[in-house]
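The two complexes that follow have subunit A in common; it is paired with subunit B in the first and with subunit C in the second.
What follows is the complex of A and B.
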């Protein structure tokens, strides 16, 4: 019984949240890694692209809510998400046309593109704050829990409850669908194959008649979709605040680099590695230990390795360790 | 146009902008912009040293600036004897133990051959050291933070003159840069960028959470000042008399006097750093740095130790940022860790260097002044613009209120636009590298 209670506690506070957070990071990191693979630079504006997509979704959601449209138990934001994706796609395509294309034609060094993306980051950040303001926005509705802690306790008769939030369930399901679609696209369709060819060897791809501008445009559209989905999922699960999205840049990049920049599979693995380490290291293990250990050995302290505010330190340390011991990431990424 | 004429003209423009602020807004505002402009120029010089001279992509400026601020507290505040008695020595012993554990681990990894025994010993040492460290650290921290938590609850500083904090801020930042450089340098440019971005966040997280060090988010107010307080000046009859002879009321005169005093101090620091940087730029060392920046492989082939030179310049540039951070906290008179935002303290400095002209020290300084001026003045300008746009709308409409309230966020938008336009049409900046 104690072991079951310990497992349920563990699942409730570590496994389920980390699974949801990891899915969000993985989708975010997929966007970063695709940009890196095709356009060959680290996009610092990715966090703010996520914020923009989420913002549009939030605004549309509010409109739908005001009009009385709802998805029943599911959050209305899912209905608004396609609009967010479309708006973000237009934004990044416009940005590419006005800003990035010039440097691509010049064959500018990757680091110049990174600096340019810093400028884009400023503009997008300003845009989001200008439209929706810098404050926390709540846009979640529908059923809050799939299983609440109380129901779980009644069902199983255990002392500990396992709560699964709707947002967590939706996150994981959406992540699976998105990743499956993306891999199907990259591996099975002609456009996807041309993207991979372009990423592997630009010159060879050009020689075989692949239109680079088309590849780039498709990449941006996919990235816009991934960024918006990741942003909306994070927003439903926690809340929408522009600055938090900017800060997500660090774990997302850590995930992409840990997995190996340019490798989609790596981005997913990296997302979960970062999420699980963040949650396990900042979780107070006292309760689990109390179930697992005999009473005489029960710990006095919280058994928390690091305060929650140090979660950035966790992604960072993992990043450094991986870079020191396996510079191309877990899955072999590319280096420009 | 001649190089030096262009430089003079642009700096004259900056002077004109600041004097204009004095004439049309207030001299207090003008001196405020001048002081922060000087500090921004020092920060921009630090980034210019790393990026312009050596091509190091450091986006962790905020962390080093914050460390400079921390140094101000550690140097100038009076110590808290009760807190030291409660756990001061224990906490430093715990930190020493933590550092020793890491040192031993690094030594073990260097001495022992690769394999299972080494991995096992590393793990045992790390876990054992961590448990031991926490068992010493936690009670000491709790004891310190329990001492008069409303006002103190931290160890305090060394009660030394606050001006000493400026070099100390540089040293603290340099020390941190050494540790970071040892691990992160040698990574590819964009990996280094992400690593420094992360380190800056960690430094801020430490300053927010370690209350025993500098009260964390409870902030420290009333830092000692190198200049007299306005109140004391206003109470001084000799000062009031002299102010009256200039036709100023005592309150305005005292604030102007203090701000001008800070301006002189900051200008002195800026000139010293500029002199040193100009000398190093035109020395064999500076030429070597640019050679490494432009072609690392060739420089390595010529027998230059690229990694060591990178470490050196990373430390020097970060130290300059630390000095600027200490100066800023001295000017503010308080340390508020939550006010450190990456957009303001890292990326804005980058805009300054890019706009001014990376690789050119005068360019970096110019960028520091111009961008700071815009950063301050875009807000009133944005409000004015919004009022103009919304003047046709009926008062009280939601859109009008929203636009007026959002005017403050024009800043980031305009900084981004300025940066993108510069990168596109004048990528080498206002004053390009020669």
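What follows is the complex of A and C.
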């Protein structure tokens, strides 16, 4: 019984939240890594692209809610997401046409493109704030919990509760579907294969007749979809506020680099590594230990490795270690 | 070189003369608040309230026969260098007699030590609540019409003791305000025999607080004390602990008092409680009347204490018989506290008459001003709890 209690505590405070957060990071990092692999620069505007996609979704969701449309127990935002993806795709394609294409034709160095993407980031930043404002927006509806802590306790008779939010369930399921679709697309379809070829060797790809503009356009559309999905999932699970999305850039980049920039599989692994290390290293193991150990050994202290203040230091330390010992990341991406 | 020196001296002389001339007709008071920055939405109403008090004095014939002229400056709330420069400008180029402000604790301390104390200028802040400002070296020049958070820490501790709660976990917003409040609360609570299982900061503006909640839940406690902001991390913390079932009763500091919080999660907060600086009575109602007439929302944060701050500066100068900081500093406590005729908002003219006749006043104002210790408001707090998704007053402390 005690072991069960310990496991449930661990699942409630570590496994479930970290799994959901990791999925959100993974989808975000996939977008960053695709841009890096195919367009060859670190896209600093990614966080704000996520914010833009989520904003459109929020606005459409409000419209649907006002019209009385709902998905029952599921959040209405899922219904609005395709519109968000379409709008974001138009935005990034427009940005590419106006900004990035110019530098691509100049064969500009990646570092110049990085700075350019920062400029784009500030513009998108302002755009989102201009349209929806800098405040927290609430747009979730539907059933809040798959199972709440109290229900779980009543059901199982355990002392500890386990809560699983609907948003967490949706996040994980959506992440699996999105990743499966992406890998199928990259590995099985003609366009996907041409994208990988372009990423591997640009000159060879051009010689074999691959249209670069088409590859770039498809990449942007996929990135727009990934960014919107990641943003909406994050928004449903937590809340939508433009500034938080800008801050998300950091863990997302950490995830992509740890996994190996340019490697989709690495982005997913990196997302979970970052999420789990943030939560587990700062977790206070007192309660779990108290259940697992005999009473005489029960700890007095919190058994916390690092205070929660150092949460962000954890991702940085992992980043530094990976860069020192394995600059290409866990999954042999491109070296940074 | 000699010519240059001469020219400089001449300029300085004329400038001095010009300043003296302007002093003849008006008394300038600096109004330094964060017109840009994190609390830019609150400051316009605060400045309007302060200027409302100055206008009232002017309408009653002015301060010692001179008109008061407010000069606004931007404290930015967060940038100490910017605030110091703005305050320097107020004193050296505008020649203000005293400063009303600043607002946020950090910049208020910076202006006080860098500008006000070296120049001997009185400062009255309507909203800086950090306990650190009680002990700062101020030469008796710093006053505030907002209570120190040290007092709030005691009030929160008393609420817990009265409820018989022996163990709490504490989380605070990671800045001067949160740190100061949590330090004073933890000190008071432990002195009263309570146990704090964990005192952990949280950052504002994050959306994910699962790591913070995981640590707090492991530490345990009957209640989670949230000393943060209602529209920032504090709300996220509450949401995350409700979601994981970590805590279901919360004690909230003054930054968590917001109508939006009740609207968003009022039902889930049933049984939680907290404290917020509060004033009620004749003075508060009188202020509501004149503020509404002037188009200011009297319920707005710190509007009452702003009106009081400006009124205190002017009345203290009137009591001292000259429009200088030295006079204001000497008389401030005397006019704010008993004995004397009670003065409500809207009666500043009457107060001036009493002072001119050599009488004594006890300024009550919008917030029941009572200056204690190093010149700060004693502060009354409203202890509230949540019932049926709304705020309910339990008592006034």
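As a convention for this text, the second predicted complex is superposed on the first by the 331 of 336 C-alpha atoms of A that agree within 3 Å, B and C clash if a C-alpha of one lies under 4 Å from a C-alpha of the other, contacts with A are read in each partner's own complex, and residues count from 1 in each chain.
In the analysis below, a residue touches a chain if its C-beta (ideal position, glycine included) is under 8 Å from a C-beta of that chain, and two chains touch if they have at least 3 such contacts.
These numbers were taken from a predicted model, which means no experiment stands behind them.
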item: Clash or fit, subunit B versus subunit C on superposed subunit A; value: clash
item: Partner chain in contact with A:324 - subunit B first, subunit C second, else both or neither; value: first
item: First (subunit B), second (subunit C), both or neither touched by A:241; value: second
item: Contacts of A:309 with subunit B and subunit C, given as first, second, both or neither; value: both
item: Contacts of A:82 with subunit B and subunit C, given as first, second, both or neither; value: neither
item: Partner chain in contact with A:149 - subunit B first, subunit C second, else both or neither; value: second
item: Contacts of A:163 with subunit B and subunit C, given as first, second, both or neither; value: second
item: Which superposed partner A:285 touches (first subunit B, second subunit C, both, neither); value: second
item: Contacts of A:73 with subunit B and subunit C, given as first, second, both or neither; value: neither
item: Single subunit C stretch clashing with subunit B - from 61-69, 115-123 or 277-285; value: 115-123
item: Subunit B and subunit C contact sites that coincide on subunit A, given as residue numbers; value: 243, 247, 307, 309
item: Subunit A - residues contacting subunit B, complex; value: 41-42, 99, 102, 110-112, 114-116, 118-127, 129-131, 133-134, 243, 246-247, 249-250, 253-254, 257, 301, 305, 307, 309-310, 312-313, 315-316, 319-320, 323-324, 327, 335-336
item: Complex contact set, residues of subunit B against subunit A; value: 55, 57, 59, 130, 138, 183-184, 187-191, 193-195, 197-199, 201-202, 205, 208-209, 341-343, 347, 350-351, 354, 405-406, 409-417, 419-420, 423-424, 427
item: In the complex with subunit A, residue positions of subunit C that touch it; value: 174, 198, 200-202, 205-208, 210-215, 217-220, 231, 235-236, 239, 243-246, 264
item: Subunit A - residues contacting subunit C, complex; value: 12-14, 17-18, 21, 135-136, 138, 145, 148-150, 153, 161, 163, 165, 234, 238-239, 241, 243-244, 247, 278-279, 282-288, 302-304, 307-309, 311
